[in-house]
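Written out below as structure tokens is the structure these notes cover.
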Amino acid sequence: MSDDDIADLDWQRADRRGYPEAVYCEGKSVEQVREIAQRVAEKPDVVTIFTRADDERAEAIKEVLPDAFHDEVARFLAWPPRRPEPTGKLVVVACAGTSDLPVAREALLTARHLGRPAELVVDVGIAGLHRTLSKLDVFRKAGAIVVAAGMDGALPGLIAGLVSCPVVAVPTSVGYGASFGGVSALLTMLNACAPGVGVVNIDNGYGAGHLAAQIAAP
Amino acid sequence: MSDDDIADLDWQRADRRGYPEAVYCEGKSVEQVREIAQRVAEKPDVVTIFTRADDERAEAIKEVLPDAFHDEVARFLAWPPRRPEPTGKLVVVACAGTSDLPVAREALLTARHLGRPAELVVDVGIAGLHRTLSKLDVFRKAGAIVVAAGMDGALPGLIAGLVSCPVVAVPTSVGYGASFGGVSALLTMLNACAPGVGVVNIDNGYGAGHLAAQIAAP
Amino acid sequence: MSDDDIADLDWQRADRRGYPEAVYCEGKSVEQVREIAQRVAEKPDVVTIFTRADDERAEAIKEVLPDAFHDEVARFLAWPPRRPEPTGKLVVVACAGTSDLPVAREALLTARHLGRPAELVVDVGIAGLHRTLSKLDVFRKAGAIVVAAGMDGALPGLIAGLVSCPVVAVPTSVGYGASFGGVSALLTMLNACAPGVGVVNIDNGYGAGHLAAQIAAP
Amino acid sequence: MSDDDIADLDWQRADRRGYPEAVYCEGKSVEQVREIAQRVAEKPDVVTIFTRADDERAEAIKEVLPDAFHDEVARFLAWPPRRPEPTGKLVVVACAGTSDLPVAREALLTARHLGRPAELVVDVGIAGLHRTLSKLDVFRKAGAIVVAAGMDGALPGLIAGLVSCPVVAVPTSVGYGASFGGVSALLTMLNACAPGVGVVNIDNGYGAGHLAAQIAAP
Amino acid sequence: MSDDDIADLDWQRADRRGYPEAVYCEGKSVEQVREIAQRVAEKPDVVTIFTRADDERAEAIKEVLPDAFHDEVARFLAWPPRRPEPTGKLVVVACAGTSDLPVAREALLTARHLGRPAELVVDVGIAGLHRTLSKLDVFRKAGAIVVAAGMDGALPGLIAGLVSCPVVAVPTSVGYGASFGGVSALLTMLNACAPGVGVVNIDNGYGAGHLAAQIAAP
Amino acid sequence: MSDDDIADLDWQRADRRGYPEAVYCEGKSVEQVREIAQRVAEKPDVVTIFTRADDERAEAIKEVLPDAFHDEVARFLAWPPRRPEPTGKLVVVACAGTSDLPVAREALLTARHLGRPAELVVDVGIAGLHRTLSKLDVFRKAGAIVVAAGMDGALPGLIAGLVSCPVVAVPTSVGYGASFGGVSALLTMLNACAPGVGVVNIDNGYGAGHLAAQIAAP
Amino acid sequence: MSDDDIADLDWQRADRRGYPEAVYCEGKSVEQVREIAQRVAEKPDVVTIFTRADDERAEAIKEVLPDAFHDEVARFLAWPPRRPEPTGKLVVVACAGTSDLPVAREALLTARHLGRPAELVVDVGIAGLHRTLSKLDVFRKAGAIVVAAGMDGALPGLIAGLVSCPVVAVPTSVGYGASFGGVSALLTMLNACAPGVGVVNIDNGYGAGHLAAQIAAP
Amino acid sequence: MSDDDIADLDWQRADRRGYPEAVYCEGKSVEQVREIAQRVAEKPDVVTIFTRADDERAEAIKEVLPDAFHDEVARFLAWPPRRPEPTGKLVVVACAGTSDLPVAREALLTARHLGRPAELVVDVGIAGLHRTLSKLDVFRKAGAIVVAAGMDGALPGLIAGLVSCPVVAVPTSVGYGASFGGVSALLTMLNACAPGVGVVNIDNGYGAGHLAAQIAAP
């Protein structure tokens, strides 16, 4: 390997673990992202997901892979663009507010591109309990529920106390000063009184959707 | 609910808790804020407050609700624009310096739009004790006092030791390095030697004004 | 004042602020606590509260003030022992679990000795939502609600979303590792999505009861 | 409810969520634990788990429930003592060292008492890679893997990269100074490069076993 | 130097810096403290201070140096026992409560054994402002003021705003949960609004007294 | 006071404490700074210092006070521009590197405008010990030494061990990742092995210079 | 030394320690960097390294030293440009992903300009174990291995368990929210289960390369 | 492997990495340590080190391995007891004070039992610079220097600036409050201005001695 190599993609991953490769675009230069897209273009039989792609990086990918699936809110791309046929149990993704949508949609799309049926429930929250309770029937159909929440991060624990399937909790960096960029929500989720909550990294919608897709796998 | 829904506003809130709905604009796109304003426009009989609206978001709101009340320093809007008739006890809002004004005014305006008489006292502080003591008569007329302070955050504890009404302490993110974006002031307030201090989140003038309005309710 | 003086009690406090003096026993030697009790004994017309008195310190106090009121769970003493006639609105103290009882009872007793009618509600919690909802009628009678909670600390925000009176939130140091001695609950409370929550220090039942008594004052 | 009530157990939990009630003994007095055991004794048709029961609390429980199942290393009791017939997929519990055994066994026993077949793998670790690789066949039979690790907490991420089922990561408070009571391991797990890791609280073997049992449910 | 050497005392320190040697006893075994005392006994012409000496270590020192000066509250010893004739300006040591006395007395005794006239003022505090103001004449006579305070740590900033001499602020580890062992007080002092405050380590009465003695040196 | 008041300057400060008023410009709008400058212009007999004035704020001040003294590196202005005649002992300001110059110069200029003779020593440091030792004669002439240092922050402790006058340590926010914006240097200084170090806030050159000027006062 | 001096370079360093001088450009103004480059130009017989030079600062250096070696990814310059003849053992620099390249290359170039043979290995990682194992022969040829890793930072511990030479671990600030700008990786490395890991500061490729060059010195 | 297995020792480690196995006794029960010692007894041809063995655990080991080497201060045992013939370069271990001796001796003994010549230098420190400088000749003979320091942790950076060999820095948990159990020293070492410092975990004398032995290997 020469000094100029920038990445040695893991093409065997789908074989080894049964899930597609993902390219985390944040912290990579536009040029590096473009080069990776070019190597992706040579493997049309493997699904590749690009996460955290801002406008500039998304453009570079779409120059190389013009038909790639792209969701701007989630900063998410996938190629080849068509989703696999859904198998396994339903993944429900819930979020507490509009500001959490980018993370929630990233989880939703990841679960779908990993082959699960997936549904989004918006603006349930602990401060408006009636809205959450009115969605109980949707939650109780799920094989795995992803809950994205910032601020107090209390929603995953609330939902986990009402259902029997596992809850994947993803803290978001939304909130006033003492939310500390998601740390408050993260701690709340780790300390959830109801068992059945598995926590992933702050704003990591991709990781949440991936874990939920594994839990709900056929 | 389709994937494209962004928010399911809580119109029953005024009924349920007796206080208006608030829209936290930070972390929402300009487009999302505009859409919310459009739904607000259909409910002229409910008071809606917009907080943390920077210039761009405030413009979007005022395009939809041109007569909205707007305070630029506080980044605060309300619609319908007229304040309710003041009832209940006086809310006094005090702050330690010019830099704390945005937070202090957000508290002041929230208290007023929730229906309390409210008054602002500027530039009292622990380092200039005589200025604080000279305002004692105003503080002692209050049913609730909001104190916004950054840096050492010592002012709420000082005032709480001099009055008998509750003090709502709101730390601000103003200060040198080791103020850690308001953490130092937050800790000081939580550790106030004088009892009678309830603390809200850093820079959360809205929350402080809301709590004070509840305490001073008729 | 000689080098040997250990404390100059604030006898005017009841006059100045309308509330009794409190002696925080933790961090004082048994001998120091006894000396303070002796000075208290000379002022039978002022109510004095002793907080955080472990068995040894409580014994020392009761040697001097044998008829003092003493609650072992709350580590709380008061002298003279009889509570003032209750005036003002009802203070409700709620807690999420047995482990939070010492803090909850300290708040309850403080509110009562400051002259409020006060009631305790045990074992409501976010993980058993039906239990919390079944107490709504009690919560809605209150003029101020103290909520003590450890672990995820989500209960105060949940209750604040259901009532119109102020909620005083007191985090407790109960929980697994990442509760960090109450820090997780503290942050959750500061970030509560529902407005109307004022936070006091970790395990500070005295401060919570005091603030609630001020809010519910006649 | 009188002031003397200490707990209102959630007997409907098994109905509502399909899993037994758990009593967290840490932070409860011996007397309180005994009273709870007495109420448990009246419900022989519901499985109750006691976690974090030190010798003294375990004795109190066994005085009331002499035939309770008791594991001293895990500080775990269950009553009625017999485990349900195993159903669902295999839960594998792995740990990096002898010091992590209490947490690992708590997870193992929780999974078993919730009705899963479960197996323990000891002393795999990142520093002795060959030992971990030699257990790959066991890991690949699992429907859910719990990995308990202190110090660098790198083992869950390593295993997640080698299997396709979800990994439940439980940090333990084992390690030198800068492990900060499990915080280092916790952060490592949240930042695991391989997706498919859900994290629970530090030393929370019960929560890990519970989540794994839900994931591996039939 | 052989492996068995435990300490190479700095006898030239008095010459080099003009101040005595100090032995920090915490973290040293009783045996090590005794050995050091034996070497001290050979240098009767140099003043040596022992700090943080608990009962057992103090006993070991007094077996070797029976006439050593010893203050139990401050856990402080000095030998030879007699203080130098006071020179320079007055050092005033103030503290906010009984619990801060050990630290305050350590500062007081250090200043005296370094040769300054020094005076103690007890139980001034921000929550009882009138008590602090009543001591203003003492504070204004000082060449340096040491202020020891736990909890909110606001007292040094308050005093600094009222005098023209430097204030040495020493945070103490006294307080409820979110005082974090003195961190809250430390941050308050570093962020004091009034200039003129120099901060030393938590509970470091020795360091505070030493710095004050240097400031007030003739 | 109307709602529009932004600041109530403390003109009596020079009388009360003997030192000039300072205006901290960070966090104030350009408009607010200009208004304050206009009020300063009406009091030519009082020295006013402006700190943390970036280019835009400095321009606003100089439009109102064209002859103000201005140092761009230190972001420092003073008006009236002429420094008082130096009295008292020498203040030496030392810093470890070019990057610390803004803070060091702010301290230097503050000390001079408060009336002390003051001198700057650049690029001494613990990694180049010979350079520090070569300046020992300057350090030993001082009545107070300010040491600004980022990264490991070890320089103040090193210098304090070599001189007998007090050292004012000011941590700077210069350094690699784990310097945490000055926290590492701050902690080092608080833990300095040599007594005689008083610490001020991160990057607070003004506070350091002020404290040094008080220590070296005639 | 006048007030205008900005730096007193340590020309004797190569003599004293055997290694070149380094200029850390971050936090220095462009003008200050240019002045330093001019003084460097007068010493062609000493190797000088510039680190953390963004485009603007690099331009300023190259105006003065047009033939300087410059690597843009690493933000690294050296003058005179030619590397010393390699002596000593091989330094291998490994990194876990493209995003870590700037730090890894800074380490690589530092080792080479300090006179070691050095080689780069890209995109090995704990989540793709087979890629790491496939490079074992390269790692086992090394006299020192630098491993740069963000996120979970587990790679250095993994490699240290497979080789007998020392590993220099450099955490990078790459990752999702709870990587906390490299803190998570830093803690993982400090807690590495395998002995033989020495840790340097976050993103400090220069320090890592320097330490490795010293370890591998002839 | 049955549920009762507690550890699967890594007997191949000496072969694979060239260094002995180590058993970390903290967090293991006395019974577990004894069992491990019994398995060690069956392998007299492999060197095994026991670290962090308190009196009780050391007794258990010596019951099984009566001739084991044991150092009580370092809480260190080795079996077989005889050290290998020293090869490679000299390892010097330095510490700043008596309180750091347990950690320093653990490093010293580890280096010796791994086969290096090793020497201890006690009570050098930044506050007594002349003592450090007087040992320069010893430091300059070393192939690797371990420096153990608590409090400000400045000593490793000071020494690194004076020598050309690598320095292994080990922070100790010795110090006043804001040393935070070694965190302050840890940060200082990571931020050392002089390059050439590799840091290990707090109080990890074993890790420091191991790394130094690898650096100084023949």
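Think of it as A, B, C, D, E, F, G and H in the order they're written, each chain with its own count starting at 1.
As a working rule, a contact is a pair of C-beta atoms (placed from the backbone, for glycine too) under 8 Å apart; a residue touches a chain by one contact, two chains touch by 3 or more.
This structure is a prediction, so every number in the text was calculated from the model and none was measured.
Counted by residue number, the contact pairs of D-H are over half the same as those of E-H, the matching pair from E-H, A-D or A-C. The interface with the greater number of C-beta contacts, when C-D is set against A-D, is A-D. Once the centre of each chain is set as its mean CA position, chain E and chain G turn out to be 44 Å apart. Once the centre of each chain is set as its mean CA position, chain A and chain E turn out to be 55 Å apart. Put simply, the C-alpha centre of chain D and that of chain E have 48 angstrom between them. In chain A, the residues that touch at least two other chains are 127-128, 161-162, 175-176, 178-179, 183, 186, 190-191, 201-202, 207. Residues of chain E touching chain C in their complex: 97-99, 101, 105, 108, 120-123, 127-128, 130-131, 174-179. Looking at the complex, you find that chain G touches chain H at residues 16-19, 22, 161-166, 168, 186, 190-191, 195-202, 206-207, 210-211, 214-215, 217. Within the complex, the chain G residues that touch chain F are 1, 3, 5-8, 10, 12-13, 24, 26-28, 32, 36, 171, 173, 181-183, 186, 201-204, 207. Listing the residues of chain G that touch chain D in their complex gives 96, 125-129, 151-154, 157-158, 160-162, 175-176, 178-180, 183-185, 187-194.
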